[in-house]
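Input: structures, listed below.
The same subunit A turns up in both complexes below, where it pairs with subunit B and then with subunit C.
Moving on to the complex of A and B:
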């Protein structure tokens, strides 16, 4: 402690001050090097082995994984699941953010409570809730049967539609929080000015609010995409065994078949494909906001 | 012209308001329905529930019949508490070191520390499994604490950095010009002012650890599994209605915790900013 304060105590000596403050980040940096970077590097190295015992180096795991057309379908399905969930959360969630900025402060607090509360609920609980809702004897089927819309229960679990509906609710807070954070900082005068100049509320929405809320929208899309493509529990429990996504392949290869090199290849494919979609989305987001500011 | 305008504005109110109401319904109703189902008398998850009873809760709290569930809940709490505690220390130190540092290296470090939030969790989970077993460790709660530390720490770093950046530098300058040492300023000025930020981050990290699946999935075995992993097993095999009772307990806990955090540190305000 005395050494640290000796170093930091003199505000005038800029160089030494910064060095000492920077050192406070050392423990976390060491923890990250040992527990985050090293495991990921080792995972990369593991993928370049041919056999399950990890003795022969080579590219066989990569050629095996990408030689199987089935795996391309799995990658594509995983990314599409993420994109469908993103679209659904935008369509359903954006109006909530629009309504939020018009509400009085008291109701805003209630609404944000409603939005955040499910987020603090375990994903497993939210997934379970959708089993109750979508099951054969679940709420949706009972309601449709009672209304006479259908004559026998629909199969909603183990379908992609059911999974996308569930993920939309499960991931919704990730979309709404960044969106609301950006939208509540918008100057209300902008909307009034747009209305005073004769624009309808629709026109104000698409020419004023949507462009200005782009940073929040993009941030929300990134979070929802990243989370829904790796939502192992929801994918396996609601999707069942008939719908196969990359996380299930990774789990099977590593903990059922014990083929770690192949599981490593599948994980790296997941990381690369998810991160490249994220990079593309944030590039588009940056371009649109640059366009806006001239 | 005027009528067209009012028609457009009416359609706006109907469409936007309608979808927003639908959205709130979609957000809230599954939770309410799951909660109602947990009080069923029957042996299935039929809705509306047949009769009202605490039967599934009684089974859940029975020490002999639900022992694995209780152990899993205990593991979850221990891992969450320890990883949050270590995370608070490491993240607060790092935030103090990096928040006002404009050097390029500080930005790179900050991005690195935040990256577990976007990296697919299941890839890190597998990486941790491969790494720890290569080093010769067997599955234990300590390994799980280490893994959870990495994926939950970003929440603490984010809120702490945010409250540091809102701190008025004049306060620190005046403390120093009045002769206070760096450590005294930290203890009496900085920490009390950023405490709500640290607490909010710690709460989020704790909840993220309780909720974590991808890391626990790879680092646990039958003895060290956490509650989400145990519940996943119960849902995958035969749909055990005790899952509904566990969900009911967790819904109650989340609701209470959320109210407490709202009153003490204004959690939702912090998450919004």
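Moving on to the complex of A and C:
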């Protein structure tokens, strides 16, 4: 076969391959379209009605929702809750991942099991467990009282602090799993090479390990952010009625007040605000790890 | 290469001595390095040669400070460095996979060590430029490692290690991933740089030709122990153990029995059917079983039988460059390899007997050298 015909043949084959791959993705795409896109469109359509009975089309629901300054605060609080949870999971999760890659294989298995175990329990169970831990008579208060750090029980339930603490634990696997999977693929010689060149542990951490683990860190942040901003059960059970986040607003409007157009507006606000933070985060992440994918 | 004007610190290379003293390393219960001692002169290149898993990399990792030894010491210029962490040992290392930082450009890779040592500003840039010029990669300074060929990556790794002026250079199979021609170029290159900087160097290799050509001395390792530490010529001509003998070059092993030992001479009856008088090594007594090792080029063919030759059955003959390699079989069943200069192609009649060449330096080993038991 001549070189020329080789050159002609190759693009055609690649084209065929691409078509086959595209066909493989078809069932999943259809499922996504049916189960994800269609409800979203329905939601969009519902939001453009003025009344609870969904009879008069109009923009009244939008103007009503965004005319109320309280709702801005709710959106902001929701995003802040997500960011605080992300920060807490990074601060605790990153050192755990660092410890993980240094452990012998047998202990790594144990640690992975401990990390994954909470995911095997229902969120409801984990959330109620946190009530026991954080309550007035809970483990934390008992311990602090016993140690003499405090003289009367702290209020942790129905505070943002308590909520961030429990969400940090609940969402931790979502941070750790991508982080560990990226970090354990790093060439261990890189750390040794850096040390042999005279770099301290901290310099090696910040100039070699952190930049190279960026993809895992970004993925973990995105998952934790998306999951904690929409964690309706934990938000309402631990945060109570005083802390109001968007999921609660949506629930109230759709299942208590039965104002579906307003609930649709709130839902879309949640989707758009969470997605824009995620887009910003992943843009930053891609920029900082461009070298890895080229 | 001529572009590099020698700078003051490169003109008067002050090499360091490196002493490894009875070093033992364990991974769990397995012993990876077993009582290794090496005394390396300033500016010397020592090759660590041995089969896979014999502890070569482990030895380097201890010297660099990545792994703690179970016993023994490492000394540079006579002072122990075992208490120092890796980042204070000033030991340059080039890994087999180069371990370049994938997110840094070539220039940033080379600058990493300089920055870690607190250098800032224009001095770093100048030093990086000089190192890149030295390995002829100035034009590649902005590339990322994955945009370089294997040989180029190897040179970046070398420039990175040398930029911080290490007192010792460790090379872990640095040429393994290179093709033959590039490997030869890089061997010459590394040797040249090492000479110029007067660096005491340990080179790990699987490749005996590489060890022979690059190293001043070779340490042949087997199962965590150094079997022989000597010049390439001595290792080839006077192997101390059967393992070294078999690992370096090709050899013929002829079983026999010692008939008598008189002062320094042993009379050995080979099973192949000849009686030879050979210089006796220590620990050989009359009546003991021995193995005679002869290099293929130290055997000659002859048409007539003598007391010192033995009959053979010639097999295939392969012309190999200027030489002719002849395969043959002794009457006792031992396969033989004989190398003759091509000029003197022996005829069929001339191939009936085989004997030691007049200048042959055969080695005699007791039948069960510990290293030959497995």
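Please note the rule applied: the second predicted complex is superposed on the first by the 255 of 294 C-alpha atoms of A that agree within 3 Å, B and C clash if a C-alpha of one lies under 4 Å from a C-alpha of the other, contacts with A are read in each partner's own complex, and residues count from 1 in each chain.
The definition used in the following text is that a residue touches a chain if its C-beta (ideal position, glycine included) is under 8 Å from a C-beta of that chain, and two chains touch if they have at least 3 such contacts.
Just so it is clear, the model here is predicted, and its values are computed rather than measured.
Look at subunit A after the overlay: subunit B and subunit C fit there side by side. Contacts of A:200 after superposition on the shared chain: both subunit B and subunit C are touched.
In the overlay built on the shared chain, the residue A:132 is in contact with subunit B alone; subunit C does not reach it.
Looking at the shared chain after the overlay, A:212 reaches subunit C, while subunit B stays out of its contact range. Of the two partner chains, neither subunit B nor subunit C is touched by A:256. In the superposition on chain A, A:95 contacts subunit B only, with no contact to subunit C. In the superposed model, A:147 makes contact with neither subunit B nor subunit C.
Within the superposed three-chain model, A:105 lies out of touch with both subunit B and subunit C [touch as defined at top].
For subunit A, the partner touching the most residues, choosing from subunit B and subunit C, is B. Remark: least CA distance from subunit B to subunit C after fitting both complexes onto chain A is 6 Å. Once both structures are placed on chain A, subunit A residues 198, 200 are touched by subunit B and, in the other complex, by subunit C.
Residues 5, 8-9, 11-13, 15-17, 19-20, 22-24, 26-31, 33-34, 37, 44-48, 89-91, 93-94, 96-98, 100-101, 103, 106, 109, 112-113, 116-124, 126-132, 134, 146-147, 149-150, 153, 157, 176, 181-183, 207, 210-211, 213-214, 217-218, 227-228, 231-232, 235-236, 239, 243-244, 246-247, 250-251, 254-255, 257-258, 262, 267-268, 271-273 of subunit B are the ones that touch subunit A when the two sit in their complex.
Of all the residues in subunit C, the ones that touch subunit A in their complex are 61, 64-66, 85-93, 95, 97, 99-103, 112-113, 116-117, 144, 146, 160-161, 164. Partner subunit B is touched in their complex by these residues of subunit A: 1, 4-5, 8-9, 11, 18, 21-29, 31-32, 35-36, 38-40, 42-43, 46, 91-93, 95-96, 98-99, 109, 111-118, 120-133, 135, 137-139, 142, 168-169, 172, 177, 180-181, 184, 198, 200-202, 205, 222-223, 226, 229-230, 232-233, 236-237, 247, 250-251, 254-255, 260, 263-264, 267-268, 270-271, 274-275, 278.
In the complex of the two chains, the subunit A residues touching subunit C come out as 187, 189-190, 192-200, 203, 207-208, 211-212, 289, 291-292, 294.
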